[in-house]
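All remarks here apply to the structure that follows.
Chain nomenclature is as follows: A, B and C, assigned in order of appearance, with residue numbering initiated at 1 for each chain independently.
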Amino acid sequence: MNQRWNFDAVWANPEALLAGAAGTLRIFAICLVLGLTLGLLVGLGRYSTRRWIYLPASAFVEFFRNTPVLVQILWFYFALPMLLPFEISPLTAAALGISLNSAAFSGEIFRGGIQSLERGQWEGAQALGMTQGQAMRRIILPQAIKRMLPALTNRAIEIFKMSTLASAVAYVELLQQGKLIASINYNPIEAYSVIALLFFVFLYPLVQATYLLERKLREGD
Amino acid sequence: MTNAAAPAPNPTLLRVTALRKQFGQAEVLKGIDLCVAPGDRIAILGASGSGKSTLLRCLNFMERPSSGRVELGGSVVGTERTMRDGSVQTGYSERELTRVRQRVGMVFQQFNLFPHMTALGNVMEGLVTVQGMARALASTKARAQLARVGLAEKADEYPARLSGGQKQRVAIARALALEPELLLFDEPTSALDPELVGEVLRVIRALADEGRTMLLVTHEVGFAYHFASRVLFIADGVIHEQGTPDEVLKHPRQPRTQAFLARHNEFSF
Amino acid sequence: MYQWDFAPVVANSGVLAAGLANTLKLTATALALGIPLGLGLALLRLSRLRVLSLPAGFVVEFFRTTPPLVQLFWFFFALPILIRVEMTPFVAAAITFSIQSSAFFAEVFRAGIVSIERGQSEAARALGMTGAQAMRRVILPQAVKRMIPAFMERSIELMKTTTLVATVSYADLLFQANELAQKTFRPLEVFSVTALIYFVVIYAASLVVHRVERRLAVSGETTVH
């Protein structure tokens, strides 16, 4: 094979990769926090008995679970600015798309977790004179969170992987930097292989950790 | 069902020599010697953990013996190699073991019927898939087997719709269909409700009357007494006591056998 | 106040329809290839021979852990150079999503097979069946029934994942939408309609899945996820 491998070009400019990694972590952190917080609200909303809360929450979940994330990102980047007097940055568009999508999925996780607790817990709290809010905060949620942890950590890993979609709107994250390196040095094999390996090396231990966490939690039951 | 290596009919159908079985660090079978002649009906009793099920499962090689020799119809199962330190190790090939399993049938405690096939389908399966028989011929033979266990009219039912006793009888028909030389029963009635035990024992009794060679691991001491030509009591991985039903069950000589029987004394002779 | 105008969208609906057809074509191809490949990987992972199970395990873990878009870029830009074969966008996309989905299907297969109780394979072996016969006649038929909901969910996920090809200029629905939006200067209408189309198709598919799940639950079948 008379191919000259050019891995050096990939590492020659470490600032590029570091900028990419920083961008990935930044958007990951934003989407994780936004997605889970909004997801909690949506999950609680779906559990509500009041129609004006329940219906919008359900519509939100159904819509954002059943449309592809990339479509949402492009909509926020290209379509939304038409309705607003200002531009939307790549980060904002990508973060909105990924966060809302994640909120829909984690909303379902929260709802499932809350629902999985038996009525007895609610009734015990009620019998002590707690309001619904207090019961939720002190009794239900702490137990539900333990059950939801595996699914939520899976969600977090999915969010991390989705960060690469932000490259579609030219946000500077790891894949975007990979594209840059590949186009400058004409070495797509080396560039994309390195990017893939970086993601794998970073995520695989985390995935294994979630398996261990899952088993630990199941033993505790 | 001819095996090119099998010689002419041999008075000893199955011979087991110094059989040992280890699971990790624990040795469950510590040296079993056994001879089974055609027509023998052997009941195997013992406490849980004594190794009786493991012994049975070694005889059709669902478990591979750690050491020792098993001879079926006069020829050794597996290939023996003498190691440098003088010990003998036996290698088993799956191909040979699948042939052995056609000659040694097994009925399980949990029936293990295939839920996605009808009763007839279950009984036919060995004939069609393992012995390569044409479906039409297999179907006829399978129906005959089902009739023998009294379930001809249930041929087209799925296992989910059969009672426990019916399921076990189908399982027996399934094992019989391959016309094995030897039948192994691993606690065939232990998973059944008491009122369903009788129908299964009746079938086993009928097979015994036909002169079939059978080994039966069971808790039903009363049945063992009437059914068996020989009784083995297993304790701590060895045959603790052996003899006729009268000898072992009515007049046991070993204190452990006596203690075991005393705990299981709801039988009637 | 923004003036909505859907006329350009309607006028170019054929382009969008062609895009949708391509999306479905890609999804169907990836499924047709990914499912058998997934079964193969699952069987390799279940093998007792480490020389088979370890590489298969690595492939599955690698394609489940790395982001799909990175995989797509690699197959699209790196592979053609590596093996010196020119590939159309469709071929590169089909390869990517076949392998990517096969990794997930492999896990579904494996969970399904493992969920079949030991007694079934013991009974099969006791009849003299080889491992392959037992798998084919007894284990797989039962396992597949349990895995149907998981398969359908994974297929819907696949449909969503295929939108990634819009970034490497395969003319799927999203790609056509992007082109159309730039051509007509009506991104709001175009992308909104596109989002709606995706929603309708995928939501309908998920309703079918829910019905199948409920049917299976009623008939008492256990399912794996």
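In this section, contacts are C-beta pairs under 8 Å (C-beta built on N, C-alpha and C of every residue); 3 or more make two chains touch, one makes a residue touch a chain.
Since we're looking at a predicted model, the values are computed, not measured.
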Relative to subunit B, largest Cα-centroid distance belongs to chain A
Taking each chain's centre as the mean of its C-alpha atoms, which one lies nearest the mean of all protein C-alpha atoms here? C
What is the distance, in whole Å, between the centres of subunit B and subunit C, each centre taken as the mean of its C-alpha atoms? 47
Taking the mean of the C-alpha atoms as each chain's centre, how many Å separate subunit A from subunit B? 56
How many angstrom lie between the CA centroids of subunit A and subunit C, rounded to a whole number? 20
In the complex with subunit C, residue positions of subunit A that touch it: 62-63, 66-72, 74-75, 78-80, 82-83, 161-165, 167-168, 175, 178-179, 182, 188-189, 191-193, 195-196, 199-200, 203-204, 207
Complex interface listing, subunit C residues touching subunit A: 2, 61-62, 64-71, 73-74, 77-78, 81-82, 160-161, 163-164, 166-167, 174, 177-178, 181, 187-188, 190-192, 194-195, 198-199, 202-203, 206
Please give the residue numbers of subunit B that touch subunit C in the complex, ascending. 60, 62, 94-95, 98-102, 105-106, 108, 110, 112-116, 125-126, 129-131, 171, 174-175, 178
Which subunit C residues qualify as touching subunit B in the complex? 119-120, 122-131, 133, 137-138, 141-142, 145
